[in-house]
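Next up, some structures in structure tokens.
Both complexes below contain chain A, partnered by chain B and then by chain C.
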Partner chain A sequence: MTDSLAPDLVPATRNALSLLLLSMADDEFVIGFSDSEWTGIAPMLEEDVAMSSIAQDELGHAQALYRLLAEVVDDGRDADAIAYDRPVEGYYHARLLDHPRGDWADTIARRYLYDTADGIRLDALAESSFAPLRELVAKIRREERYHLMHVSAWLERLASARGEPRERLLLALDRLAPDAGTVLSPLPNDLSLVMAGIIDSSFDELDARWRVEVGRVFERLGLSMVLPVADPLTARTNHSDAFRWLHGEFTAVRREQPGATW
Partner chain B sequence: MVSALTVPVVDEAAVRAALADVADPEIPAISIVDLGIVERFDVAEDVIRVELLPTFVGCPALDAIAAAVEERLAGFGRPVEVRFGFSVPWTTDRITERGRRHLAKSGFAPPGDDTCPYCGSADVLTDNLFGPTQCRSTRYCRSCRQPFEAFKLV
Partner chain C sequence: MTAEPQLEEWEVFRQEKEGDAMKHGGSVMAPDAELAVHYARELFGRRQESIRLWVVRRADIHDLSDPDLLQPPLDRSFKKPGGYVMRDKLAAAREQSGASKPKGNAG
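Right after this comes the complex of A and B.
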């Protein structure tokens, strides 16, 4: 399978591709699982439906990315084994997604910071030389458009409201800001992906694009935020206690009934 | 006594007609052919291969659709291989005219149609971009006061 998938890649580039796929899959998996926690308890029925549907989309993207990763790595593990059978330390999602669900403002702020960064990452893969990823990304982008419309509307609503909604949003952004830059923090050897035409720009450039986009929106909404540049060495490691708890939740069925199927 | 006459003809037309019998499990009013998710199929001597396109990447109905296709084609007496791929992205443009009519008749606004499928009024609110399945959003008609669902434009 591997030969047909990425035949021309030298091992270093193949490793970089694996880390790219793993980072994207884990990001989608963790935010999808976190947001699915609103099912049944969202502030209103419409948002219960919306957040559940968005979470379902994200888990679907994660599954497709894990499947692709399984074919590239070709070490005998399937998508479920990669998704569920790693210890906490083995997960490679951005630290932005390590924060607990928090209140609705936390969820909206986290989603906004993540969706904008993820959107820029997907744009940079639209012409990827790695066809299976390019094809999958074409499909994913059409779905993410709805997520961005949804979260942008909420960001605007909270930011424009007087009093508690805006205050809560500011507090949420304060909590998340130190980790906001972790999504587009450079991956190891990401320049080899640029050289191979797998992604159109380095992560440093993507991060710069993201800061311009988010900066423009924040300025319009009167949100003055400092978003520090993340340290690439810790951007996707040293996961939090909140993630440790989430990991316990999403691996529970797998641990109790190994090999169970629906 | 099985007569040779009872073995159905296996040709493209027969397989295409059989595929048109398979309904979408989440919106049974529309067939998978009218939904535009049958990208291609190939009738070989020893196997029938069908390539389908997911409407949404994480659509939970994919296994049910594959099983329904296999079941419907089982009568042709040769193995059936169904796979999903992303070689081209499925978009709502792939829904046929007949498919759009069937959607509207069963109360779903076809993608890109902003009128009420019940009374035809354009005085319609988008209640929620999202709905009970990934491919649907929810709307409300202020003329006939009927909530309804619309197929998301993707």
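Right after this comes the complex of A and C.
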């Protein structure tokens, strides 16, 4: 393939599209790897299988998004090179996902805050003018539906249980709340994506939609949470030590055997 | 402290393709029906091997395994249709109606 995808886009819009794809791919990649840390130690066997399978789904979504990104950027890097060959500072996931896996309540709270935001982002891409993304999003949404059902079931149970489960959930939400708004924090030049019909609304509007949705559920469950609006300049930078460690883990094989395939 | 969640067994039945009978796939442990369905999906459906699942609380299944009722000791072969030879009658009926013998496994 010699022509890159989306040749009609002006460079500024193409850059914005690349950042959108990179942010989505890195989000899925990081939460996928982070949640896969539960494999073998989840609270019960059935949940172990469920969480591992969901983590695997996210890595699949990341792979598809990195592939699409590689075609749009067209700079000679393939999906694996983009996924594994960047330094910590080069990753563009939301800071919400910088928090460590923590205990089960941390994982459920993080996943709930992320999956609701991601769902709203995917909804806004369902009618995208960029056909390859629209087609991919149609597939991803069908899997994310189940992820949201699964995490909502857990959120309800932790929130409704008396004693330790609810206490742990409240502590987790306290830890995560300051960074919850980073997923839908505006990307640079996101309005050019709206103008080009790639996404149906600005990130400011998506963030507002997300707050309504999450606010309704939190109110029903008696979780009074303040979710501050994130600063777009730092929403996807200055990654944490927990991410530094995770990065060391998920790049280990690649660093040991550069270019290895299996 | 919180009481441990009460887990119980749920039996999972699966259908592989439209028209197939539901077959027992196995069981999962879960505290309630909603999570039981999620876990059934993970264990018996995540590789696209099923088009439908039924999840039943094991306690809701009425078990019958009494040998006096199911395997009575006296000869009951007269209750089976094996004693009747149909082949000649069928052949005669086919000849009469002009129909040919069905191919393959049918019949």
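General remarks:
We adopt the following convention: the second predicted complex is superposed on the first by the 258 of 262 C-alpha atoms of A that agree within 3 Å, B and C clash if a C-alpha of one lies under 4 Å from a C-alpha of the other, contacts with A are read in each partner's own complex, and residues count from 1 in each chain.
Please note the rule applied: a residue touches a chain if its C-beta (ideal position, glycine included) is under 8 Å from a C-beta of that chain, and two chains touch if they have at least 3 such contacts.
Here the structure is a predicted model, which means the values were calculated and not measured.
Superposition note: with chain A as the common reference, chain B and chain C are in steric clash. By the touch criterion defined above, A:M149 lies against chain B and chain C together after alignment on the C-alpha atoms of chain A. With both structures placed on the common chain, the touch criterion links A:R220 to neither chain B nor chain C.
Of the two partner chains placed by superposition, only chain C is touched by A:A161; chain B is not. With both complexes superposed, B is the one of chain B and chain C in contact with more chain A residues.
Once chain A of one complex is fitted onto chain A of the other, the partner contacts of A:R255 are absent, as it touches neither chain B nor chain C.
Contact with chain B, but none with chain C, is seen for A:K139 once the two complexes are overlaid on the shared chain. Of the two partner chains placed around the shared chain by superposition, chain B and chain C are both touched by A:E46.
Applying the stated contact rule after C-alpha superposition, one finds that A:L59 touches chain B and leaves chain C untouched.
Common to the chain B and chain C contact sets on chain A are residues 46, 49-50, 53, 146, 149-150.
Contacts from chain A toward chain B in the complex involve residues 46, 49-50, 52-54, 56-61, 63-64, 132, 135-136, 138-140, 142-143, 146, 149-150. Of all the residues in chain B, the ones that touch chain A in their complex are 54, 56-60, 85-91, 127-134, 138, 152, 154.
Taken in their complex, chain C has these residues touching chain A: 1-2, 7, 28-31, 34-35, 38-39, 41-43, 46. Of all residues in chain A, only 44-47, 49-50, 53, 146, 149-150, 153, 157, 161-165 touch chain C in the complex they form.
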